[in-house]
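What follows is a set of structures for review.
Each of the next two complexes has chain A plus one more chain, namely chain B in the first and chain C in the second.
Coming up: the complex of A and B.
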């Protein structure tokens, strides 16, 4: 295959001077994806539970006065931040997933393998479920301190704590596999604490926590966007600069090392950028499943390459398209009801992952 | 994280229980209970026997059983609740819970037999319980006000969770060390309950064996009754479950009096609210991450709002539970509404703003007409609105009328509700 040849040439010529694969149709496909992204973005502004005529939406976007004043608020304060959040979150999770899959050379790795979402869940659980527990379990006296903190802050603190732990351990752990197991163990640990909290909590609180786990792009307001957008843009920028290191890592850590790549440093920054992306999204939107696994696979197949310089922009755009589309479906335009985002996402994501596994099985037979 | 083995076991258990329920349902239709023809009907009263009691026995057992005697001269009537029925016979009563949980395909039948008299034949699948019972364990705070209203707190031996209780009499019992804590739902401490030997455990079901306590308790051989008051869409219907508890203790007369008194007060308040010239518009609850759980038009909160003389903006909807609406739908309809009630866990408008600054665009937010039903929440988060409020809907209604029409109840001080500062 052309792609593998591309990377093996790269390997031969050294990590710093990687040759570009022949781009050919890929530029066209990428341009097509971009056009698709713009289309679904506009669609998500136009379609929603409240019927607003297309002309009115355009007038609002161009700064005009709509027929009803509430329509302007709906489009500008509800749909626009929602669409932007979906775009950013989709791009972030897809890139983060791509980085993790390459770093761990595991096709089933996702942005949360290092326990990022578990940390965020713990933070949220401590805040949401802490009422009523502080007295019965002195162990969690911390909860009392936390109860005034907002969900977003709690999730940020939770994922940051796990991230710090992972980074600290990453300096002492040689292989990425050990790191992977570490992440899973952290997941079990936080999961155990969350179940304890759930067990001692009241129904309304449990429901609030469960709602958070369903995931949603609709909770992000403009003031929160001031935090979310810069974090994700910095994370994405960092990810782009790491594309070449990721290409080298594709060949295995030992090989990358022999090529002159400072593996530990590269690994450190990959974890930083992937965790920033996944942590920010989880904090603001809840644990969004599947996107991080499915999109990188989808793009590798679509672009027939594993070169991260191509994949990086591709998964960004594709991730954003998937996130907005899933959100559009969850909103069920024209109906008053909304569906939980994660359910819709998994309905789309699960068949994709299945399809990839089956395809691979056929390839390697 | 769930242990997969536990999960699989749970599913197996669920399957078994569903299967058992199906079989029992079939059994019910196959063998209808045989009722003695001369009993139970008011149309053909049997001639009073010589020792016909004037009141139900609330203590002890019948010494000399006489099949011709009606041992339950005091009966309850069910006028508002739709979730249970009762049929009286001479020495036993059959209570059926017809709507134990949402979309339930099973009913629960309890044969309450007067102690000292023989149990009737033919009730293969029903639980047979001797009444009056002397001890009870409850698994929801909503059951506690029944016991205080009927003066039965002495019979209480255990409750599910100490932390969430608001009823003062029960708190006294807890502090005196007279109650045991047995845990809630499927996590109920079965050994502890068996050890306590309550005559009856009163619980509720949601139809999921992974959450419900009754499958495990039944398996342990305990007498378990399901109280499904939460399924009642009308406030008086919910409160009427007081009578359900009363039938276990043979205190029908007291329950009839207490409830009739409440209905009178409730109806008086409804009539008062009808006199209001304006019916202000109102919406309820809060969104979470963009999804707004709005009470359905035929739900319990919707009924209270209508009875209090308000125009609930989702009154045209015909769901009994709540609907999952998108934030923009609610915004579109409720942005100019006069009142906003039942605002989750907020205690101030600043709480609302901290969660989402878009709430500030609602007229009710700007005018400060936001009222939450959390004025009586204990330090652990247990809300008395869901405890004594359920059994005392007239108190809740008075609060709401005072909120919407302060001129109608000028002297009223809010009890369950508070205005968000």
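Coming up: the complex of A and C.
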């Protein structure tokens, strides 16, 4: 990343040049964020229904033999994939939210404005609720619903279908506002179909569907990780290369165009990467709201900039931290109960965001 | 004289595609046709015209933001439609009317966005880019604003920064769509002088659309007058005033252009004539007040029914009015005007 390459000018032209601002990444703050990420990541490996000491966790991670053999199983087969999923999902949703907020120039936009999660919900609802297909549905509700591959498949297909529809329409739609309305309408449509399915379904299946909507990072197995991780890493990489385009779009599409940005092409790739990220997460973890809308705001305030070259890495790390922390709290360390992830996230996150906004309102008005 | 940097060749502007499509059953809507004008380096050109005449459409077409319906726009001989987007952006930049909310960006960072067509895939600034950005900020006299967040700037400051951003694109042609729209009068004058200075010093061609007729008349090297019937007249402001084109373009909007003073009058005089006598500034300002109140001033020496004399003896000006033989004294212009109005309305 860029820090300053203008130091030679400063030296050559004297002290007055010192007055110019520096652009680019605040390395110290990002290093602090990374340290925070490592901390919560290790904590999430240590804490849970059983507490495992840090030294043992590190030994297990380095391939050594822990004090108790079960600990290795717990860390490697349950907590590590869970923590990795949270890291990836947090980063993905935050980046996706950032892209949507800039593309639509709307602080309320989130990864799901284009109907991605509605598509996934419809896919899952069709599998879980529809009477004909889901002969195994009551079984699902009992035996770890989210680990079931058919749900993931259904969610993937659902979000991919909506994504394709949006991309097709995006080629014909002139303004991003129309696109936004389109996404919302798709959301209503799928929501209506889900409601109908719910209405004609039986209680167990409704409950199974509801469980999915609560969201969880716990359902991803190592074999599923082989799909989830590459998808998200590719999406993140793509998003990163779009930083420059997103910066140009800060000024609106007209200015972006006047600065030589092929707006429609850029918009296409922004939607592709944002949808890939949001779609993959929704498919494997359920519709996780809130992160995508809150983390970009949080980072803009923390770094006092809208520059995507700074925000892109910042929201990735911050999103991961938030996701792991929320998951930690949801698991209520030391107890056997697990709270619904979405509820925990909003319960803690919403007051934080409110506080930020009120503080900002005081500062600027 | 310099070679023109931007030329239009039988340009037609308007909306809709030249062919009928299923999106656009009505076919194209032409706003103006057969436009042949040019912009030269170092000149400030003001585009004037009544509201809704298509100034913005012309600006957008010249900027390549909307396609020409016929003919073409050329930059240094090359049609802009043949230029790749970033090549066009290196030659032509814009300041738009819309007020942009950029979130949290410093003025410096916003100006640096103007380097977009020059930077690498990540948008990193080289030392050369930074030099151009700094020079652009200095050119608009906004060095002190560089650190400030854009959302804290006043309208005038913000407009300077937006102009600096356009300058950072290092263009040959700079198009500004109503840059003075949100500014108060002193800021407008300041901005126009800044733009004129920029055109001269940077040898760029500047075109700005404005509603500020008075300011445009005083500052522009060339005026483009757009009329409701879709013609575009170009020439020095004085030429357009002398040949009557200026007055013709704005006729019928409730204002009359007074060729003698070079200003617009709100409406034609309805009362009078009044014979005004006096000297110096008090006389001039009294004349203005009478015109504003709708009184025509008598031009000849022969006595008229209404006469006003400005007396400048002793402490300050006083006003004497004579109407139908009766004489009254007034201590302020306001009193005089109120009195005369009362007489005229009462009669």
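Observations on the model:
Just so it is clear, the second predicted complex is superposed on the first by the 309 of 365 C-alpha atoms of A that agree within 3 Å, B and C clash if a C-alpha of one lies under 4 Å from a C-alpha of the other, contacts with A are read in each partner's own complex, and residues count from 1 in each chain.
The definition used in the following text is that a residue touches a chain if its C-beta (ideal position, glycine included) is under 8 Å from a C-beta of that chain, and two chains touch if they have at least 3 such contacts.
Everything quoted here is computed from the prediction, not taken from an experiment.
By the touch criterion stated above, A:306 is placed in contact with chain C alone, chain B being left untouched. Once the two complexes are laid over each other on the shared chain, residue contacts for A:202 go to chain B alone; chain C is not touched.
Once the two complexes are laid over each other on the shared chain, residue contacts for A:221 go to chain B alone; chain C is not touched.
Contacts of A:250 after superposition: chain C is touched, whereas chain B is not reached.
In the superposition on chain A, contact of A:191 is made with chain B only, not with chain C.
In the superposed pair of complexes, A:259 makes contact with chain C only, with no contact to chain B.
In the superposition on chain A, no contact is made by A:175 with either chain B or chain C. When the two complexes are laid over each other on chain A, chain A has no residue in contact with both chain B and chain C. Those residues of chain B whose C-beta lies close enough to touch chain A in the complex are 1, 163-164, 187, 287-291, 323-329, 331-332, 335, 344-345, 354-358, 361, 379-382.
Those residues of chain C that touch chain A in the complex are listed here as 63, 65, 84-90, 92-94, 96, 98, 100-106, 108-110, 112-114, 116-117, 119, 121-127, 130-131, 134, 143, 146-147, 149, 151-152, 169. On the side of chain A, the complex with chain B involves touching residues 48-50, 70, 73-74, 77-79, 82, 131-132, 135-136, 150, 187-188, 191-192, 195, 199, 202, 204-205, 208, 211-212, 214-219, 221-223, 285-286, 331, 336-340.
Here chain A touches chain C in the complex through residues 1-2, 5-6, 8-9, 19-21, 23-24, 105, 241, 243-244, 247-248, 250-252, 254-255, 257-262, 300-301, 304-307, 309, 364, going by the rule given at the top.
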